[in-house]
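Next come two complexes, and both contain chain A; in the first it sits with chain B, in the second with chain C.
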Partner chain A sequence: MAYSDKVIEHTENPRNVGTLDKADPSVGTGLVGAPACGDVMRLQIKVGAGGVIEDAKFKTFGCGSAIASSSLATEWIKGKTIDEAETIKNVDIVNELNLPPVKIHCSVLAEDAIKSAIADYRAKQAARAQAK
Partner chain B sequence: MSSLQFPIFMDYHSTTPVDPRVLEEMLPYFTTKFGNAASRNHAFGWTAEEACEHARERLAKFINAQSEKEIVFTSGATESNNLALKGIAEFYKDKGNHIITAVTEHKAILDTCKRLEKEGFEVTYLKVDREGTVTPESVRAAITDKTILVSIMLANNEVGTIQNLTEIGKITREKGVLLHSDATQGVGKTPFDVQAMNVDLASFTAHKMYGPKGVGALYVRRNKPRVRLVAQMDGGGHERGMRSGTLNVPGIVGFGKAAEIMTADFEKDNARILGLRERLRAKIMTALEETYINGSMTHRLPGNLNISFSFVEGEALMMAIKDVAVSSGSACTSASLEPSYVLRALGVGDELAHSSIRFGLGRFTTEEEVDYVAELVIAKVKKLRDVSPLYEMHKEGIDLKSVAWVAH
Partner chain C sequence: MSLRDPFATFGLPPRFDVNLPELERVHRELSRAVHPDRVASSAGRKDAVERAMEVNEAFRVLRDPVKRAEALFQLRGIEVGETNEPKPPPDFLMEVLEQRESLAEARATKDEARVSALESAMRDAQKNAEARLTAALLPGASADTAKAEIGALGELRFYRRFLEEVSAIHDELLG
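Let's turn to the complex of A and B:
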């Protein structure tokens, strides 16, 4: 199977690889997938004033398309508000990276990772509000 | 100055290049010596027939058959396997309807068995141990009075495990059951002797041994016992009525030459390839933690190295080393999106199956290539581990098996 140039570019130079402090209340962490399925994505966001995503980091175990999907996702959500980031759909990733049908699940996983990170952030904020 | 040429081929289990000595011998049979080997009444036919008979003799010697008449030419090992299993099943169906094979066989065996099951045959798929070995005792235990055939491969195409055909052959002979072996991957790379091993039928193909694609053979024993089978293709009754169709004369000539070279260079070639394989293994496994060999280290094809690199997905690694042609047991590289059934049968977990790479070394692999590939693999595995959340969790001491993963 031939890969699109964008997938190759992202896998050779993945953006925003790394780890944020998951104990930080302004950080939301999404961990989706399973090793037995061949892909695991961890996407983290650091949310600042006005709900703007100031930083995003990822690490992915998976094929080139999975790495590229998560790399692209971090690039896209940085600077967006969490409400805006939530509207990103897997088809947007499919179109941008020209993913073939067998790789669509990689984009689904990336969408899930964004949503999961946002949900984690919101849960942390809600828990803090309650504690106060 | 480097003499490396890219891409580097390290996938010798999939196919092999035609040896120049083989090609040279084939060439006249495309142009000047183009006759049909079945033309009995003119010189063109005689020349072609003579060339095919010479190839038959070389192939018989290659596997230590008693006679060149025991070699039936086919289009390749898949056809040979189909002809052996279906042909035997059809001929001996009044004697019994039970066939024994193993779970790690090639699809050309397994899918043929599935077809036979639909037609009323019963098939026992023997399990293998962690190294991929079929124990002779399990063969003995599976034989019933309905068993007509046991089919066990010489060596596995993914993990390179060599089966104990000598012991299995003793059992099948004692029980009066026929033994077929898919020798495609193993022949010429590990000793294979149809007489010493009591093998009654054997499949193999030219393109796995530096011959051309599109030509294979089925060895069919003619003496003690005389094996009979029903042809699966109707036509001119070529190949003693077992396989109709005009012979692929240039291919057969190349197959014969390829076998002659394999026979002559057996010790030298395999020792060299084994040395390179061990060099590759040592370099990679010394430099990288959490790498695991799949298969056996004692009964293994010299050119096979199948390694799982924990925390790294196989297809991503293949992409990262794109100048090197290898193969992976990862689901992402298969049409079915299932990880390798062979690795599963060995008890390799799905995680490690997704992380496996098969390196196949062969006659034209060089030390320089091995060193280059080792360095490249080490660098890229490290890079991909830096991107892997699993590696980070491992480093933090988290037991990945204890995590409640959300499968999708």
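Let's turn to the complex of A and C:
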């Protein structure tokens, strides 16, 4: 199966690969896995004033499409508010990367990773608010 | 997807811990018995072709631990597959991710000993998941008993992926 040019481009030059400090209260960490293929993906966001995502990093162990999906996701969510980032749908990723049907689950994984990072950030904030 | 019981096709008890040499022996026997070339009439040949396909399909399921476990869950009416199974717990995913990171480092530094150490830890984890599946999927075990360990099936797929990566790295470091 041939990868689209955009997938190849992201796989060869993935954006925002790396780690943010998990213990930082302004960092949300999303961890998702696809049992069907054994791929794992970690996506982290650093949220600043007004709920704006200042930085995003990812680490993905999986196929080219999974790497490209998470790379694109971090590019898209940087500079957005968490509410905006939450509206990103996997079909947006599918369309941008021209993913074939067998690789759609990779884009679902990236959408889940964004949502799970945001949920983690919100849970941290709620816990802090309660502690005060 | 066919709902035919692959264990019945092979005349074996529906257990997760199959004996692989035994499985291969039964496969050879059944394949010989149903070979279409042994049948003279064309109608008989059509039956034999179907039967041969059934035997091969059953063998494909039974020799693969993941497919074998899936079949044992399905025989109890439990749906499997990514959308039907519970999501892997975060602690488990964290562990897998960390192991994958260590493996990537070991690959980059060509540290064969470290690759082997990671491989052996993963094989232990795989054995543990397989033992849990064996216990939960014994003949006569209820659907509830089986379902309580469906997470072990998900784990097995991650371990398999990890071990595939390990064998690719071994090849790379040898070559």
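Convention: the second predicted complex is superposed on the first by the 128 of 132 C-alpha atoms of A that agree within 3 Å, B and C clash if a C-alpha of one lies under 4 Å from a C-alpha of the other, contacts with A are read in each partner's own complex, and residues count from 1 in each chain.
In the analysis below, contacts are C-beta pairs under 8 Å (C-beta built on N, C-alpha and C of every residue); 3 or more make two chains touch, one makes a residue touch a chain.
Quick caveat: nothing in here was measured; it's all calculated off a predicted structure.
When the two complexes are overlaid on their common chain A, residue A:G28 makes contact with neither chain B nor chain C. Contact with both chain B and chain C is seen for A:H105 once the two complexes are overlaid on the shared chain. After overlaying the two complexes on the shared chain, residue contacts for A:C63 are found with chain B alone; chain C is out of touch. Once the two complexes are overlaid on the shared chain, A:V40 sits against chain B and chain C alike. When the two complexes are overlaid, the chain among chain B and chain C that reaches more residues of chain A is B. Shared-chain residue A:T11: touches chain B; no touch with chain C. Once the two complexes are overlaid on the shared chain, A:Y3 sits against chain B while remaining clear of chain C. Applying the stated touch rule to the two superposed structures, the overlap between the chain B and chain C interfaces on chain A comprises residues 31-40, 42, 59, 61, 105. Of all residues in chain C, those touching chain A in their complex are 81-82, 85, 87-88, 90, 92-94, 96-97, 100-101, 104, 153-154, 157-162. Per the touch definition, chain A reaches chain B in the complex via residues 3, 8, 11, 14, 17, 19, 31-42, 59-64, 66-67, 102, 105, 108-109, 112. Chain contact summary for the complex, chain A toward chain C: residues 31-40, 42, 59, 61, 105.
Taken in their complex, chain B has these residues touching chain A: 311-313, 315-316, 319-320, 330-332, 337, 339, 349-351, 354, 386-392, 400, 405-408.
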